[in-house]
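Order of writing sets the labels: A, B, C, D and E. Residues in every chain begin at 1.
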Amino acid sequence: MSKYRAPFLFGLVAVAILGTGFLQSWNSALLIVNMGLVSAVMALGVNLQWGFAGLFNVGVVGFLALGGLATVLTSMPPVAEAWSAGGLRILAGLALGAATLTLAVITFKHMQKSRTRTAALLVILVGGFFLFRFVFDGGVAAVEAVNPAATGYLGGLGLPVLLAWPMGGVLAAGAAWLIGKTALGLRSDYLAIATLGIAEIIIAVMKNEDWLARGVKNVIGLPRPVPYEVDLQSDPAFVASAANLGIDPVTASTLYVKLGYMALFTVVLLILFWMAQRALHSPWGRMMRAIRDNEVAANAMGKDVTARHLQVFILGSAVCGIAGAMMTTLDGQLTPGSYQPLRYTFLIWVMVIVGGSGNNLGSILGGMLIWFLWVQVEPMGHFLLGLITAGMADGSALKSHLLDSAAHMRLLTMGLILLLVLRFSPRGLIPEE
Amino acid sequence: MDFLNAVVALSNYVVVPAMAYGSQLALGALGVTLIYGILRFSNFAHGDTMAFGTMAVVMVTWAFQAMGVSIAPLPTALLALPFGIAICAALVLGTDRLVYRFYRAQKAKPVILVIVSMGVMFVLNGLVRFIIGVDDQRFGDGARLILSARDFKKMTGLDEGLVIKTSQGLTVLTAVIVVAWLYWFLTHTRSGKSMRAYSDNEDLALLSGINPERVVMITWIIVAALATIAGTLYGLDKSFKPFTYFQLLLPIFAAAIVGGLGSPLGAIAGGFVIAFSEVTVTYAWKKVLVYLLPEGLEPTGLVQLLSTDYKFAVSFVILLIVLLFRPTGLFAGKSV
Amino acid sequence: ESHANDVKLGVILGFTGPIESLTPSMAASAEMAMKEVSDSGKLLDGKTVTPVRADSTCVDAAAATSAAERLITSEGVKGIMGADCSGVTGAILASVAMPNGVVMISPSATSPALSDVEDAGMFFRTSPSDARQGQVLADLLIEKGLNSVAVTYTNNDYGKGLADSFSSAYTAAGGTVTGTAAHEDGKADYSAEVGALASAGGDALVVAGYVDQGGPGIIRASLDSGAFDTFVLPDGMIGAALEDTFGSDIDGSIGTVPGTESAGASKILEMATAAGFNGEGPYVGESYDAAALMLLAMQAAGSVESADYAGKIMGVANAPGEKIYPGELAKALEIIADGGEVDYVGATAVEFIGGGESAGSYKEILVEGGKLTTVAYR
Amino acid sequence: MIRVENLHKHFGGFHAVDGASLTIEPGSITGLIGPNGAGKTTLFNVIAGVLKPTSGRVTMGDLDITGLPPHALFHKGLLRTFQIAHEFASMSCRENLMMVPGGQAGEVLWNTWFGRKRIADEERALRAKADEVLEFLTISHLAEQKAGQISGGQKKLLELGRTMMVDAKIVFLDEVGAGVNRTLLNTIGDAIIRLNKERGYTFVVIEHDMDFIGRLCDPVICMAEGKVLAQGTLDEIKANEQVIEAYLGTGLKNKEMLA
Amino acid sequence: MSGSNNAPFLIGEHMTGGYGKSGPDILHDCTIAVDPGEIAVIVGPNGAGKSTAMKAVFGMLDLRKGMVRLDGEDITRLSPQERVAKGMGFVPQTSNIFTSMTVEENLEMGAFIRRDDFSDTMAQVYDLFPILKDKRRQPAGELSGGQRQQVAVGRALMTQPKVLMLDEPTAGVSPIVMDELFDRIIEVARTGLPVLMVEQNARQALEIADKAYVLVQGANAHTGTGKDLLADENVRKSFLGG
């Protein structure tokens, strides 16, 4: 592989984005860059798990969602009414639930295997479950009754939204720890489906527990780390400097905001990239590759495979959590219904594989490129269809049928591009060295 | 009497639908499991292959219906099935030729193939919608019910009805036949054994004189047949809509994995585990308890362990528990 | 340049994804309004209107905002007819439309939460909030003597919001909700939901879903197992597909859908049929109205810039003025150009209240002999 | 050093190790022979923690090590090679060796970001050590080659090389000789003796090549059907009727056809 | 040499080639051949290219130069599976069994191209390796190293090939089985079947070899009868362990 390959490919993406800027608009271009950067962070997280350690995590969407949840929990103002209506009762309920589980685990560990143990476990679990439901359900009902159209949830801590990013990482890491403790013993595709299922569970909770973050009713209007365009537009100083540059204030304000996000995202990406890169090219990375290659042998050579797996699973998930928080911040809203595995889990996987798994640069490239395509295949699809149908007689049934189906060109085009890329570089665009 | 009513209610709302759904999942899972077992990757395009095969069946069915051909009381679609299978087989063989073969020759890692199959999925997805559109299509005809609620009530004098649809009966029957055949084929025929040999050790299969391209071809043809059958039966029971077939992918994979990837028997078991766990854990026992408990003690609530919002989550929890105790599924599948 | 005389309007709907089968007619309807205006040659100085479509996907906020961004900043659309689903609508509004100061009229985002969302005066919707529909539906049921029902709703902001508002209105009016179960759209099987609902029992089943999504699946499974045979069908469930799928199997079921007696409703149907698309689908009329309102407001403001015409939308939509029905856009443009006032009625009897959303009148639908028939208006 | 007491390992109904008891004296080079399927590798796997025993006890010195995981045993100085080579296929041969030593500072994530200097020094030492081992095994030219792309015998050498990267207390060698050129095997034999003499490593060697066993091992333990059949010096073992019948045999029958 | 009618039955001639499209040459003008009734043995240091040479003869490697002929026919361009059909049987050095299939199925796969009744061949294999008979319903992946090796050889014998190629068939098998195996190989060879094998157990192997090659760095270093090479002091010291 030539050493010019990576710079060349990044150049290509840059050209594509600049092209968007010149041909479409700079706002579009910047938006693509921003989500591209977030996608790159996600891809970095997945690459950490798959590329470094061979962990097949298809629960990416769950960790992204947790990051999103962290944004609400950190940055939204608390809903005082809801707290007084039943906040403490909910917390008490959750504590009861946790206590039940802990008790059950302790019983399981400390009693001999016997009928009595089974019976005791059953009593603890069933009794605990009903107690939990009783306390918890009451609290939930009270909280959700508080102005359901606008709130109906507990709200967050009201902290600056940037804090939500590390919080997202922490939340995702916590979940990853729990999951890892139970599921990491599984091999490849079995781990995959387990993580897939857990992600579904996380999303199901977020969709249905309205007291937490309004469920499918969505939380909109999240605080932003950058100024609002409308404020900028009414700020005379800003308008003046925009005029100096010869840009109209609306465009200037939208660009300004996007550039702000871009700067923040770039900083995060660079830090994470640096960390990942250092880790990969170190004895730690070597150890991880050894584990990926052959767990039995690595274990015999003194490497604690389970612990390392857990470590890298937590790290990768945390990165995904951070990315999820960044994305929700960029969107300005949390919409649990939109966390679809196709869009978030599998698209991220496409990014990692197309970029070249095991290669951090590849992940970043994959993230930027695939996101660019995901957005731009739509116009491309229309264009392609235009070409195909150009020769057909106007008003022919086939032509109108095809034009009606133009929207489906999006997935089709995406599929074709994916197949072409993988055809010409089957190990990804920037393969692992 | 009340006891019987309770049993019937339970059968009607839990057992019968779960059996049918389980068989539908099982048929889908068989295809997934076969590709995993022989060609060693998780085929994400399977849902859309099912959609494609079903689409072919739907169109042929329409043609038959237009010509007035029918095999009532059975649905005409059964007559169209062989044609659909042929068309679907042509498609998957074409895809293999154009796409997968290249990666086989490269000895690409399974994950690459997974992603490639996602590319194929996108393309098929678009293709199906181009051809037949996005709407619901109904193509079932013939007798809809084997046993209707009214007949059942008349026959037994019970308050509760039991309904069995033709499509449900067909699905369960087909699933049983297909899995039995497949099991026999893989373990007792030369072709079947050569397929397993190929999946085990490709190079050595070559050295034994097994023609890999032939193995691959047979696999794809069987997969096409399975996908078309599964898709058609599902479509007959519910309806044909491309988007749903994509959604079907997830429970299908869950079924294949719970059962043990690569194992046909596992696919069946997995299908039922998933289906029954979805339906039973979130079942509201009120209706049954009303029959069983003495008057006055009837529950006021729904007596539901968990709300149906969590049905999918529940089936995944069960899946997890199964995997924790049997890490490669119920029927000891493989892992690549 | 040649483009100076052309106004571009965005049509952002979920052409792919979970409501992909509803959107083609909606888009066609909106585009029909635009064509009508273009053909009339009476918009401002004879400007033409070009629709630009983009895919909202209904669920993917990021893709939807990118698409909207492209439309506004690179295609230069002067207004957006869309989006469809409440979730993506909120996203586009907050991160694209509002910052860029572009007007957005959604034909179908009905979530109550959008009523008091911050919109800088840029957001309108031609459909009523579901808070209203819930009330209408509850009253209707009590009137019909259906005093206990089970409820299932599609698990999104629309379904949940509607189910909530219905349930509280219904209970307040003396009805009993025996049980509630959400259903996810596009899922493979609904036996579990139907099993739970059957256990709950009731005179009828309220299905707050989409006619092209999980809704029919629920109905099918309920009919098949004999759990329910009467259904209550809010707006998302009313569509021709229902007749095709169930015929007279669901005779006696009742429903509501935004709509009025006005000649507008039948007019749009005619026009749609003539143009070759299904005019009965949900939100087809609303889509036409959304596009029409935007164009009429431009005429009233004498400018195609959102900042100028946003303030005029309420004016053209509401009285006083001459009533305008579908197909009469040319007339309306003329009246406005002559300094007169119009009260746009359109296909759905648009009447804007408070935060720029439709007040909401509803048709009462009854399924009779396998046909959806309108029996009353409320 | 290692005591195995009445160890059982059952696979379903099959008793692969069926009540084996043996002692490995510190400082010895113990040979372990026995027919194919006698349970030698299974015994190794149980001692090394890869398999959990069905019953029985394994102690190392005073320490009960029954059921400890392999990585824990590694850090107690117990190393092993695999009969079927377990190389890290996508890593270079040098890396295959460099990854072995435990407790590398560079294996702690924190250090990879903020302890570069330490890692660099450490790596230099590791690299030198690895090159020395490669040199010894006559495969220096393969240092940069991916371990998945070397010959079968070379993989076996690499297996052995890994045990030479650290100071082990006891090393289990499972047929390092199979597939290794005999001339080289002699050199390896010398090395084993040297490690044993100079550094006091204890070795347990499974091997089917009697010459090799003879040159190195005392005592020799012969297993059959999961049990210890005989124990003693090689000459004693060779004279044992049962061993001859089960394992050694009496040579080629078809010699006459060679003419 | 080429074209003459007393050419060997199977010959890989002047073979030059390596792995992949662009990998370095591993074989350098290497020639190996075997005739009916003959046992030819290849010995040499690890990494010399012995396995590579075998693979080249079997068509699992693209040759850059040289050719392979079987019974006078040029088979250089044939795929491995076509060579199997021509009657060549091969036991590779590594991954030479189907681990997930039972022992018996492994043997059946060996007879895959045979259309006749192969139950007596199977009985012979079981005779030769009695342990396999006990384990015939067990997945081969659960066998011990030496047992696997026996399955591998058994599989090749099932083919009833016209020429048998074995890459280190005795690695890991116990002395008694090794003797049996060599016996069997001699028997087989004496029925007229050419046997080409790689061995590290060089002294035993050379004793029974009619022809022997020493490969060093992909090239022929010494060639002769087994006895010749055994007698050659140099060869013994450098390659046979003294």
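Following the convention adopted for this analysis, a contact is a pair of C-beta atoms (placed from the backbone, for glycine too) under 8 Å apart; a residue touches a chain by one contact, two chains touch by 3 or more.
A quick map from chain label to UniProt name: A, B = Branched-chain amino acid ABC transporter permease; D, E = ABC transporter ATP-binding protein.
The model shown is predicted, which means the values in this text are computed figures rather than measured ones.
Under the touch definition stated at the top, chain A and chain B share these contacting partners: C.
Graph distance from chain B to chain D, where chains that touch are one step apart, equals 2. Contacts with chain C and chain E are shared by B.
Put simply, the chain farthest from chain D by mean CA position is C. In this assembly, the chain whose C-alpha centre lies farthest from chain A is E.
Among the pairs B-E and A-D, the greater number of C-beta contacts is found at A-D. One simple way to say how far apart two chains are is to compare their mean CA positions; for chain D and chain E this gives 28 Å. Chain A and chain C have centres, each the mean of its CA atoms, that are 31 Å apart.
Work out the mean CA point of chain B and of chain C, and you get 36 Å between them. Each chain gets a centre from the mean of its Cα atoms; for chain A and chain E, those two points are 54 Å apart. Multi-chain contact residues of chain C (touching two or more other chains) are listed as 20, 155, 182. Within chain A, the positions touching two or more other chains are listed as 207-208, 408, 410-411. Across the assembly, chain B contributes residues 133-134, 246, 307, 309, 312 that each touch 2 or more other chains. In this structure, the chains touch in the following pairs: A-B, A-C, A-D, B-C, B-E, D-E. Touching chain D in their complex are the following residues of chain A: 275, 278-279, 282-287, 289-290, 292-294, 296-305, 311, 315, 432. Interface of chain D with chain E (complex): residues 11, 33-38, 40-42, 83-84, 138-139, 142, 149-154, 156-157, 175, 178-186, 208-211, 246-254, 257-258. On the chain E side of its complex with chain B, the touching residues are 58, 60, 79-81, 84-85, 90, 92, 95-101, 105, 108-110, 112-113, 155, 159.
For chain C in complex with chain B, the touching residues are 17-18, 20-21, 155, 179, 181-184, 186-189, 191-196, 198-201, 212, 216-217, 220-221, 224-227, 241, 244-245.
Residues 12-14, 16-18, 21, 24-25, 133-136, 138, 149, 161, 163, 165, 234, 238-239, 243-244, 246-248, 251, 275, 278-279, 282-288, 302, 304, 307-309, 311-312 of chain B are the ones touching chain C in the complex.
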